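Pasting the structures in now, so scroll down.
Each of the two complexes below includes chain A, the first together with chain B, the second together with chain C.
And then the complex of A and B:
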């Protein structure tokens, strides 16, 4: 499983979703998606603070703050480290993931109350990530060639011109279909509708507050609204820094214990 | 009234067109009717017990809606497990299914020296092959008690798939899901055996069987009524017209249901049969009088009008008393009973109105003659005659004995009545041996239980359910509850936390305990959420961890079991609770609704009973202008009704939403018997007969009508016996019984009372007509017979009628 840890992977996924032969004036759906992905995937490493808000159907909220560091390598492998800053009872908990070509990621968890690092097995990709409306699959990145893309139309969304692209997986695993709105101006996705394996509308992702950070357009407000269980997860990204040349020893057990 | 009758006869096509028009209007509404067998609709929306239950469903995710069990000599075989896998995959594809969990994909938490593994029991859902892998699976399954009784049986001979449905799935969508499941099972059946149950399925199937019932019972009651009517009238017209009358009344009533948003429930599904059995009397009475007159030469429109004018008051009177008794059910806190009361009141009103307008209109179009109808000038030669003579003799000579026996019977019945239990145990409504009941029994025997029940601990503030003190209390309460009989299983977040603690300590069983640190518990939960396990916990803790619940699997959904759980909880709350962080502990679940139902049904029974008594006393008092007769009229009802409860108590028939209508029904119909008898008696007294004479004449005339009527209503209700539901069968039998006892009481207890305590009645009280029981299979007043007995009173009779009508 590819782990990007910042929600960035998720965006990539959405972009991956969009690509196919299309009859757009200049670009095919595939090209649009490819370009979107390339634009988002420029940085070699990143550091981000994340405010994660879970909203249930009654409108109650639960917040967590965490810091994420991600480093990518030439061979397409990556390492990510998550630190929990709040709520207080999980402060100092950290989660380390190494991904590579192989199917199984390596994952470690450090629980400060136990003062021990434990390797934990990876869970199914379709599972909810930390009780959010994102699945592990959403958070990872996929191969653009696993989908067939069709440019449906162009329309305004949230005041911006968007390509509306339908992505159909060649092999249905978690979603039957994803419809994605990609901004024409900067090729950053704006919205994505996910349909479950039975073809029923499942959830909607929104990508807003696009900020130019070190030349990379980055959505800093990411929202996933599950229409079937009426729950929403909101990620607010801040203090994003790209390409600081993160050292490898950040992504080790020893570093996990140190906390932030 | 006269004007309406005249209009109906002179402008029949108008009346027929309007009635048929309205009938078509209601008929097209019927397809919109909703079937709602859910237990929760039994209680009013603002009922606190139901509110708690609804809040609980908001707070916690559903744990299991449907249980699919597989039994085999050994389920740990590749072949059998492959079936579980394929079945799970097929179930997942059914629309409306949200989650399917089996022993193959349920989350397992395992610790090892290197780390922690929270993942499905079998990796990637691959069915284990080979003895070693199979043994490993069994070992894992046996290793954590949470699985025992839920997903596997400890003997290795059973495994279950738990199915959770989307919360939006409506009850009527569950039946197709159930049948799809059955079809899937059928494919995989043998040598493994499959069984499906679960509360939602049981509820949904109730609705399904209600429809089956209606398809069977309505034709049946029609046939029985046809038989009775034909025997009586000996012509097609007489057979069909009363039937058309009650048919129309049933259509209007059932058509009204979707308009008022009243669903079809166990109780309201009895409406058509009840209306037909009770309501046909009015049409019969009308036809009988018209045919009699026609046979005596008073044919044509004039004949119809004069007959109708004569019978309209008795019909209306009888209708109103019955309606009043049924309407008294509206005071019930049990929603379906309330609805039944209102709807049956409406239906009977329609039946009365149709009899007095539509039927004469039809008769005036067709011809008022009943072909081959010979007025039944019964002599005393039939079986009823000697019987009535005997009753008359006994009532007069042994009146004190009769009253004595009644008192003894009353006392015994009250004692028996104390034994009556009420419960709302859906599965027991089904007949023994019906597939769902068999499946439910087997699953309950082998697994933890098919009925879920919730014991909720509410904290003071968010995250309290992560506190070790709270969890320790929860753990102790859970252990207490497990000691109760018929509680097969209890699971809570405690089990998960202990398991994680053990796993994080290298699987050391010594660590299968609640950790001391709240932070550690919070971190375990976070860890669990990394494994995608957070969804599993949503059934046990709410969103902000302020509330947590112990989920009980029970082998019954009885309110009595709920009571035992509640008792355990309150004693725990009173004495064993150790931390102030637990604000409250309460119980909820369907069984809790059953318990609340039990409380309300008894209370509402007393209430509607008293209201209907007051109403009928009032009506009778007004009718006879005598409070005394009003009181006299209800005594012969009270004994049979109490007797009915005595029978229920001794035979173990429960007071439920169906049997709760019996008392009102008995009053509603039985009061007609009293009125009928008393009016005849009063009439005879007015004719300066002495008490004995008056009783003798009254018995021999009205007694026959009363018995015939009781037999017809009883026969109508006896068709309920083949119902798919035991409670409906019981209702049929009990109503039949109460009709017999009420009719007998009105010709024994009532005369005996009149003998022993003769009320002072005004002589020459001719202003009030003799009120008839509408269904009389004898000519009204038994004119010819009475002519022999009392002489030429016919003219006076006629005069009474006419005055009454004016």
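And then the complex of A and C:
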């Protein structure tokens, strides 16, 4: 099963998991994740504004604002459209992704200066997405069946009791291992540690500022800190709305050109 | 060379312009307004100091957009610029207009785009000054002929800067089966060229200093005169239109197109006044000189196009094909005039002149005869290209192969930019981002296989802040022939730098 939520795959996974009610402590790690994922079907579509802050190793910051729209279909395929609203030199750029479990993702990029929509290959998924600490893989769809989950322990993180779940990919492609801290109280992830293909600690994701939006608990502050290059990307999500009945034609070349 | 005042203007702009000016945005229930723009200053250092100088340039760009709910919007893109190179002292107009090829750019205001959109469920309508973007290749699009180009920098700048917005009406009709785009340009808008005194004036429009006749007259000195285009007979006669059908089929974006209108590249006639001056009647000693008048000509053609893009593994594949029916090419002036000024033609002129001289009571010692050779050559042709892109994270590489083929090419009538019926261009574009996309290195280039000429454009860009960026680069051009597409600018190598502030 695939899900790319708000178009920001891992972020969406968090949002999905946030929807999960308190579950039995007897559940296995996989069941926790799977149950959370099943609850995702509550939201057929979503729209989100994103403030993206890039922090370099000197602590200097740069900001970008984006808008994301996502629609999920019955066959587990999904479509996402991302608009860049600032800074000025990328304003109007849009990025469309069609995800289908049985096929490679299809991606289109619209650059307003050229006024042309270009289909682009979905290769290089392990590379940085637009200079952030998220990779295209992080931003794309995830299939939890590609992982083996193990409940390692329970411990406090940031003042809250958490399950600590280890996710090992069945085929190591981008990460050797991901360790996820999930809050016991509401099943919202609090932290995730990513290990590179050599097994070395690569980056840490933090998920905070949880808000209840249309009955769905949603982390609205997400940080990805790369410990190897000391750079951080911070995402602040706002104006999140679910189930507005987004039309299919939103996810077409027509709307990529028209803009937000 | 202009006065040092230009530099002063540039400096004043930066002093008076705050380092950071916020864009204006208003968001109401049914109305959204956004005003943003940029200020840019640039300077060029020419490697060849014998070419005309360029002064520092400055530019103010204004981008205004108003969204009226989801049914309509208005966009205005203005550019006010002092480009430091194209000067026409006789031109008193401030705005770039749609009726002239030679326009002053010190300073000027260009309405790049100004249009209103209307959106319905299945149809989008756009009226006003606009730019079209047909085709899938980079920079060179055989199927994209709706907008002419500003060639005041020899075509070496980006396509988005070259393309001239034209007053037009456009309708996009969307359906599940196919998307349809209809475009109508009521009146042809000509391309723009620098004035003959400028660095980027095309070498092929520079008259030869002499015509080598290999006759008794020897080398005939030539004086060029440049006329602007005459579009006085405007109306439907000058209108252009096009239709494009697009569909996504099995992972492939594919389009078919048809265009009826004018060629976006210059075609020029060259009527020549040949003046014979009798120096010594008894010795029959005479001299001949020629004045060539370059007059832009436009010819209607049909363009049938096909383009597509798809992905194959890790690569993006792009292709484009266009068949040009009734396209016109410029024959090489030197060969045309050489053919016209044969010994027989000179003898005929001289005989006619002597007859008149001897039969007239008040004889003139000179006469002028107009020769109007057929410089434009009509030939069908086809132009096609294939491009491959590879993107890996912060690195992107694109290679294109673009060829023009003239099936009925006649080697006895040589034309510019075509050799033995072919012109083949290989282009490369490489981009690498560093430092969280704040620094980028670019390498763009093109090599012509027939003419062995090339352009190489390495550049770097650094963003000091989100609103302030510096671009610096080099343009290197070379070619064995001074009348090939790139070789005509082989003395124009330069280093440039541009500082741009967004607001």
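The definition used in the following text is that the second predicted complex is superposed on the first by the 228 of 260 C-alpha atoms of A that agree within 3 Å, B and C clash if a C-alpha of one lies under 4 Å from a C-alpha of the other, contacts with A are read in each partner's own complex, and residues count from 1 in each chain.
In this text, a residue touches a chain if its C-beta (ideal position, glycine included) is under 8 Å from a C-beta of that chain, and two chains touch if they have at least 3 such contacts.
Model, not experiment: these values are computed from the prediction.
In the superposition on chain A, A:42 contacts neither chain B nor chain C.
Once chain A of one complex is fitted onto chain A of the other, the partner contacts of A:131 extend to both chain B and chain C. Contact with chain B, but none with chain C, is seen for A:84 once the two complexes are overlaid on the shared chain.
Legend: residue contacts after superposition of the two complexes on their common chain; A:63 is shown touching chain C, with no touch to chain B. When the shared chain is aligned, chain B comes close enough to touch A:228, but chain C does not. In the superposition on chain A, contact of A:119 is made with both chain B and chain C.
In the superposition on chain A, A:93 makes contact with chain B only, while chain C stays out of contact range. Look at A:106: by the touch rule set out above, it reaches chain C but stays clear of chain B. Of the two partner chains placed by the overlay, neither chain B nor chain C lies in contact with A:238. Of the residues of chain A, those at positions 54, 56, 62, 87, 89, 113-114, 116, 118-121, 123-124, 127-128, 130-131, 136 touch chain B in one of the two structures and chain C in the other. Against chain A, the residues of chain C that register as touching in their complex are 23, 36, 38, 119, 124, 131-133, 135-136, 158-160, 172, 174, 179, 251, 253, 309-311, 313-316, 318, 389-394, 433, 435-438, 463, 465-467, 469, 502-503.
Of all residues in chain A, only 54, 56-58, 60, 62, 84, 87, 89-90, 93, 95, 107-109, 111-114, 116, 118-121, 123-124, 127-131, 136, 198, 228 touch chain B in the complex they form.
Against chain C, in their complex, chain A makes its touches with residues 54, 56, 62-63, 86-89, 91, 104, 106, 113-124, 126-128, 130-132, 136, 231, 249, 252-254, 258. Across the interface of their complex, chain A is touched by residues 58, 93, 95, 114-120, 166, 463, 466, 504, 515, 517-520, 522-524, 526-527, 529-535, 543-544 of chain B.
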